[in-house]
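Next come two complexes, and both contain chain A; in the first it sits with chain B, in the second with chain C.
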Partner chain A sequence: MSDQKTKIQEAHKDESMVIQKEMIAEHYKRLERAPETKEPVVYTFVPGNLTELIRSFGCLPVLPEINALQSGMRGKSRGYIAEAEKRGHSEDVCTYVKCDIGMAMAGNIGPTGTKIPKPDLLLLSYTGCYTFMKWFELLREEYDCPCVFLHVPYQGDGEIEPEHREYMIKQIKDEVIPALEKISGRKYDEDALKERLRLSVKAEDDLVWVLQSAMNKPSPIDAYFGAVYYVGPIFSAFRGTEEGVNYYKALRREVQGRLDAGLGPVAPKGPMAEEKYRLVVEGPPNWTHFREFWQMFADENAVVVASTYSKVGGTYDFGFRHNPDDPLGTMGDYCAGCYTNHNLPGRIDMLCQYLQDYEADGFLINSVKSCNSFSAGQLMILREVEKRTGLPGGFIESDLVDPRYFSAANIKNRLESYLQMVEARRVGASQKGMSA
Partner chain B sequence: MTPSPRTQIVDWATEIFEDLDFTASMKWLDDHPGSKAAGFLPVYAPKEIIHAAGMLPVGIHGNGAIEIIRGDAYYQSYICHLPRSVVELAESGRLDFLSAALFPSTCDVIRNLSGMWQIMFPDIYVRYLDLPQVADPVLGAKFWQRELNVIREELGRVAGVNISDERLRASIAVYNEVREVIGQLYDLRNRQPWKVPTEELYLLLRAGEVVAPEVFMEKARTYLLAAETSGEHIKDRTRVIIVGSFCEQPPLGLIKTIERAGCYIVDDDFLAGNRFLTDAVPVEGDPAANLATTFTSSAIKTSVLYEPDPDGKKNLMQQRAKAAGADGIIFCAASFCDPALLDRPMLRDGAEKAGIPCIAFKFAENSGQFQQFREQAGTFSDSIKLWGEAS
Partner chain C sequence: MSIACVVGTDLGSTTTKSVILDESGEVLGRGITNSRSDYDRAAKVARSEAFITARFNLLKREVEQAAGPEVLQHLLDAFRLEQTLAQLDRLHQLVSGTLAFGVPGELAGPAAEAVDTIIARIRQEELDRFKETNPSKRSDFFRDTVGSAWSTISEEIGDPKGVSFDMLLGLYDKCIIQVENEPLALGFGDHIESALVRIGGSTEVKTGVHHAVEAEFDVREEVGTGYGRQRLPFPKEMIRSEILCHGLGASVMFGGTRTVLDIGGQDTKAIQVDENGIVTSFQMNDRCAAGCGRYLGYIADEMNLGLHELGPLAQKSTRTVKINSTCTVFAGAELRERLSLGEKREDILAGLHRAIMLRAMSLLARSGGVDNEFTFTGGVANNPAAVSALRELVTENYGDKVLNISPDSIYTGALGGAIFAHRSAN
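And now, the complex of A and B:
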């Protein structure tokens, strides 16, 4: 186990990953300096984040889910979760929350080793996840700071009504903007916001191009494990920034290069030589054993060509782009369209669409204990997608950042069995074709 | 010997509670040809609108006694028990009599169950109820009024009834009475808990979830009168509040166990939807607007709604303990219940800082062993009696 980990740690890094690492490091340094530079700090969530608006007030965003997942990847989450549980947080609830609270208790040292300042404002964008509400109620007690709430109606009927949109716009106008004005001392500047939204569109276009490059055979990217890096900047602090635009330009160039050379994705141990299976994945990854998890797929030459997790911060590949001409309305549209704000039938449609568009061999669900927003109903998703597409589905269970729930042998067994099933169907189909 | 009216009512409620086939609701449908029934999940649903459509509102609270055969195939082990028994009830055909189902925004499990229902039962009306969460009551009421009017129109279509203002006002008046009588029952239990064992109160309320409100009120009033005049004597017990059982319901055995371990339950969260609105809804004027504004102005403090007051969570237990005259708090949440378990550290911290003794345990609706609960509740009660005053 430890040998395997050591080998995996000697990982190949794409150029875009290096660029991203530098961007993130710089952002965290800036956050660390915020108490001196007086840049206000706003904590918010990935789904339904209003990064352009936050940035237009000169504020710095902090995404607690990203800190938690980074803690998971860096082996810190076990201790943080234990601290939170010692303080009375139930073993049953979301481990992102406990990891974040544990991190705060341990001095709030972020993933790059720098201190993350306390929030000046908690912007609770209530989008697609009940736990978000409790998470920021808990952080409000932890930090004794103001919290502004944005209620994003859920797409229970598969769509957002005009009245829902107006409801969100009114909240942004009457609640969110005044709260940002108060902590920043700046007036709302719509032109500045529009300019940021224009930058967002550029990055969104390039991200979609990158994600959809997986329609090629072989796919030049892994649209699950690889995509979590690709969506990092746009889901976090860099949407609506020049750095974000430049990152996605570089990423697109890099993927174009791989495409031109007919290369597959770069997995933890290096480039994948063969694309034997094309899969769609539903659900977030496990972060505590991320590279090990990814390598299990790579060892089987299985490439993920589309994933739903990479849409939690926006379903851009279904056509959404921020509209600079309607800055507040477009933010409402964005929030309402995030993946977990879609109802179950909508999520099933999306998976079926991916399986078709990306010519996948099947789909896998990684069901995480922590996240009922994702997980409740996934067994029905499994059955329905199988029924509608005729393609085989697999089911794996793990957790986001609690290493106690990652059983490598179990997951490997399930994955191998699943791929054998895909193979058997493939052989069966080809024999049927020959005999016909 | 004829049983007393009180015993008859408790027997009636017990029979309904133990009946997994919703016979009482089916009977109502038989007695009202052409009428329909609409189910609702916990915690809060506007029953007034269902009633105004001429439909029978039916609370779908799962059931710990049902053997789960199909329900487990839909849920992973780390998801609470309620949706399993709800799916089991549905898949076994026991909910086939429902023409509509409403799923409030209690948590992500119930939210996602609304989507599952759309797939499993495409022929029935399914609606997710996005309760207003914003701090601004005017904006929240406007949003909720619009949602209520959508449900009103759509349920009316299902029932084949135009839900006029007049009809809705009449149903609001009915549910004002229901809330009033439930308030009286809770008030009597609080003042004289030896006269209203929570086991009986719970059974009565649970029966009220599947019968017409008019029937419930008649039974509740009779029970109230009988309880008020009963000759039960006070026992040396500790007064406790049960917090966190607002969605998945504890097994009846657990409620009995807590009381028999030496506690009087003087406030609780059981079937909280019945007491969600603390004020009567005005019956004059626009009825949907009245329902909406009453919601935003008088909804209880609960884990399923955002708490805009930064001190709200830390003060809540102190306020409830004071109002109920409670000696201690038992946090009693269903396993894997996000709303209750995520709230618990904040609530407990506030309670303990206010010097209120607390214990916590978890249950599932199908928990069958109560020994550990008896020991915990008994020890808790004893410790309060022995050292409560001293501390």
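And now, the complex of A and C:
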């Protein structure tokens, strides 16, 4: 076990990963300096984030759930969660929330070791997660700062209706923009916003190209474990920035190189030599044992070719791009299109589509204890997708950032059983084909 | 004589099982042992036990007609007695060696006497049991049988002011692990001669025994499965998930199987299989082992009962008490609460069995429901109260289904592994 751990720690890093690490570190440093540079700080969440707008006011975004997942990956979440539980947050509360609250209690030192400044504004874009609302209530109490609420209508009927759009534009105009004007002391500059949205589109095009490269055989990327790195910049502080555009250019180049060379993804212990299973995954990953979890797939030569989690901050692969010519409307469309804002039939359609387009062998659900927005209905999704596609589904349970809910032996057992089942069915089908 | 065979070993969290199949795919031997938190050792013991029964089977094939089944059963009992006595001698040695530093100096003499008394009494009990025509059912494991006798005798002879019960039990606890983990000579060849002497077998039996001792096994393929399967020194492709093994094993035991429920020590699995025994869907419990075999073990300890006594006692219930928790930890608290409220033990136990099965029903529903035929496997399938609770719930939720339970259900995973090995060898 310790051997495995050491090997995983001596992990291979792609060039794009190095660039991203530097971008993140630089952003945290800039945040630390914000009280001196007077750059206003806006806390907001990944799904439905209005980064271009925030940035157009010269403000810096902080994404609490990114802090939580980064803390999870860096082994800090256990202590933060304990801190929050000590202060009365129950074991059943979302562990992202507890990790973030615990971090704030412990001095608000971010995952890279720099101080995270207090928010000047809490910008809550509500895209299907009720807990986000409660989370910001707690932060509002803690920091005594203004909080603005953008209510994004749920896609209950699977459509964004024109009146939904109007409703969101009105809120952005009447609530969000004035709040940003107030904390930044700047007037709303639509040209600056349009320019940022143009940069967004460039990054979005490259990201979609990268994600869809998984349609190749072998896939040059892992579209779950690898993709959570790939979506990092665009889902957080870097959409609508030059750094973001450059990152995606570099990433695309890198993936193109692997594609040209016929290479598979690079897993924690190194490049994958074989692609035995092509899988679609639903649900967020576990962060506390992220590399160990990924390596379990890699050890079985299982590659994830599409995932829904990599769409929580936008479902670009179904055609959406920010439209610089309609800046407020496009932001509304973006918010409403986030994966968490989709209804269950929409999520089922998406999984079925992925299974078909990416020629996958089956799909796996990682059901996390913390997140009811994701987990509720997943068993129904499992059965329905199996029924429609005839492909086998598997079910794994873990958590986002609470290491107590990760049982390596249990997960490995389920994953191996699932893959052996896929293999046995494949052999069974080919024997049937031969005898027919 | 060299016999081609394959072996499947199922390293469970509580027990480890091995099954040997001969060339035609018939079961030649089965072996079981407790997993004793040492999977390597447990796998060796289970395998060696399976070869012991395989040799008995060879003997049976050769002489049963001439000698009669009773003689062979008697020989097997004698063999088991010899094994127990050998382990008891080793336990005696180890405990005596521990006395020097395990008890205060002034008590060393009386403690040694007490230990000698305990060992002598257990030995006598074993010899008496051997003479009984229909001895009562008990655990297969030395740790359980000797441990229970040791505890009873210690309670009787322990002196709170001198060599106390706790002291005597402590000595046992210290040494039993070593007895279990040492490579003791307990094989067929090691004890069959003395067993034969004990029963005074005929010439035919003696010749048969001779042949069985001489038989050589040519193991063509081995497959490992179960919770501790990664510990087996096999190549990766010979290690199979226990879900596939249980599905296949159940489907070979009962050809019509479409749904399998396996409740083991710390896993509950609901499995759907097709007509070839290939798994099409499965669900299992998460990291929490609530409602699994361990839960029953814990309840048995709480009630000061043997695991095998739980089911029969629960069946005496006239009114099932509703139990809310299948959490092993909470269940203890709930059990005491119910007892304090004056509920009867059998009624509480009936409720506990139903609670386990309600949890299993939820996994079954998640995996796709209960289809005909339905096969129940794993250690808990030996518990009659668990079976009747399951039968009731299945009928309530899915209507009448054929429910298959094999007396050898605990070997289902190992059997599935052995079948995979057999297929791979051929």
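The rule is simple: the second predicted complex is superposed on the first by the 434 of 436 C-alpha atoms of A that agree within 3 Å, B and C clash if a C-alpha of one lies under 4 Å from a C-alpha of the other, contacts with A are read in each partner's own complex, and residues count from 1 in each chain.
By our rule, a contact is a pair of C-beta atoms (placed from the backbone, for glycine too) under 8 Å apart; a residue touches a chain by one contact, two chains touch by 3 or more.
Only a predicted model underlies this, so the values are computations on that prediction, with no experimental measurement involved.
Of the two partner chains placed by superposition, A:198 touches none, neither chain B nor chain C.
In the superposed model, A:376 lies in contact with chain B only, and not with chain C.
Touched residues of chain A were counted for both chain B and chain C, and B has more of them. When the two complexes are overlaid on their common chain A, residue A:409 makes contact with chain C while staying clear of chain B. Judged by the touch definition given at the top, the superposed model places A:397 against both chain B and chain C. In the superposition on chain A, contact of A:30 is made with neither chain B nor chain C. In the superposed model, A:428 makes contact with chain C only, not with chain B. In the overlay built on the shared chain, the residue A:153 is in contact with chain B alone; chain C does not reach it. In the overlay built on the shared chain, the residue A:417 is in contact with chain C alone; chain B does not reach it.
When the two complexes are superposed on chain A, the residues of chain A that touch both chain B and chain C are 379, 397.
Those residues of chain A that touch chain C in the shared complex are 379, 383, 386, 392-393, 395, 397, 405-407, 409-410, 413-414, 416-418, 420-421, 424-425, 428. Chain contact summary for the complex, chain A toward chain B: residues 87-90, 92-94, 97, 124, 126, 129-131, 133-135, 137-138, 140-141, 144, 146-147, 149, 151, 153-154, 156-157, 163, 167, 170-171, 174-175, 343-348, 367, 369, 372-373, 375-380, 384, 397.
Residue ranges on chain B touching chain A, taken from their complex, read 73-76, 78-79, 83, 103, 105, 107-109, 111-116, 118-120, 127-128, 130, 132-136, 139, 142-143, 146, 303, 306-308, 310, 313-314, 333, 335-339, 341-346, 348-349, 362. Interface residues of chain C facing chain A in the complex, by the touch rule stated above, are 227, 240-244, 267, 274, 276, 278-284, 286-287, 366, 368.
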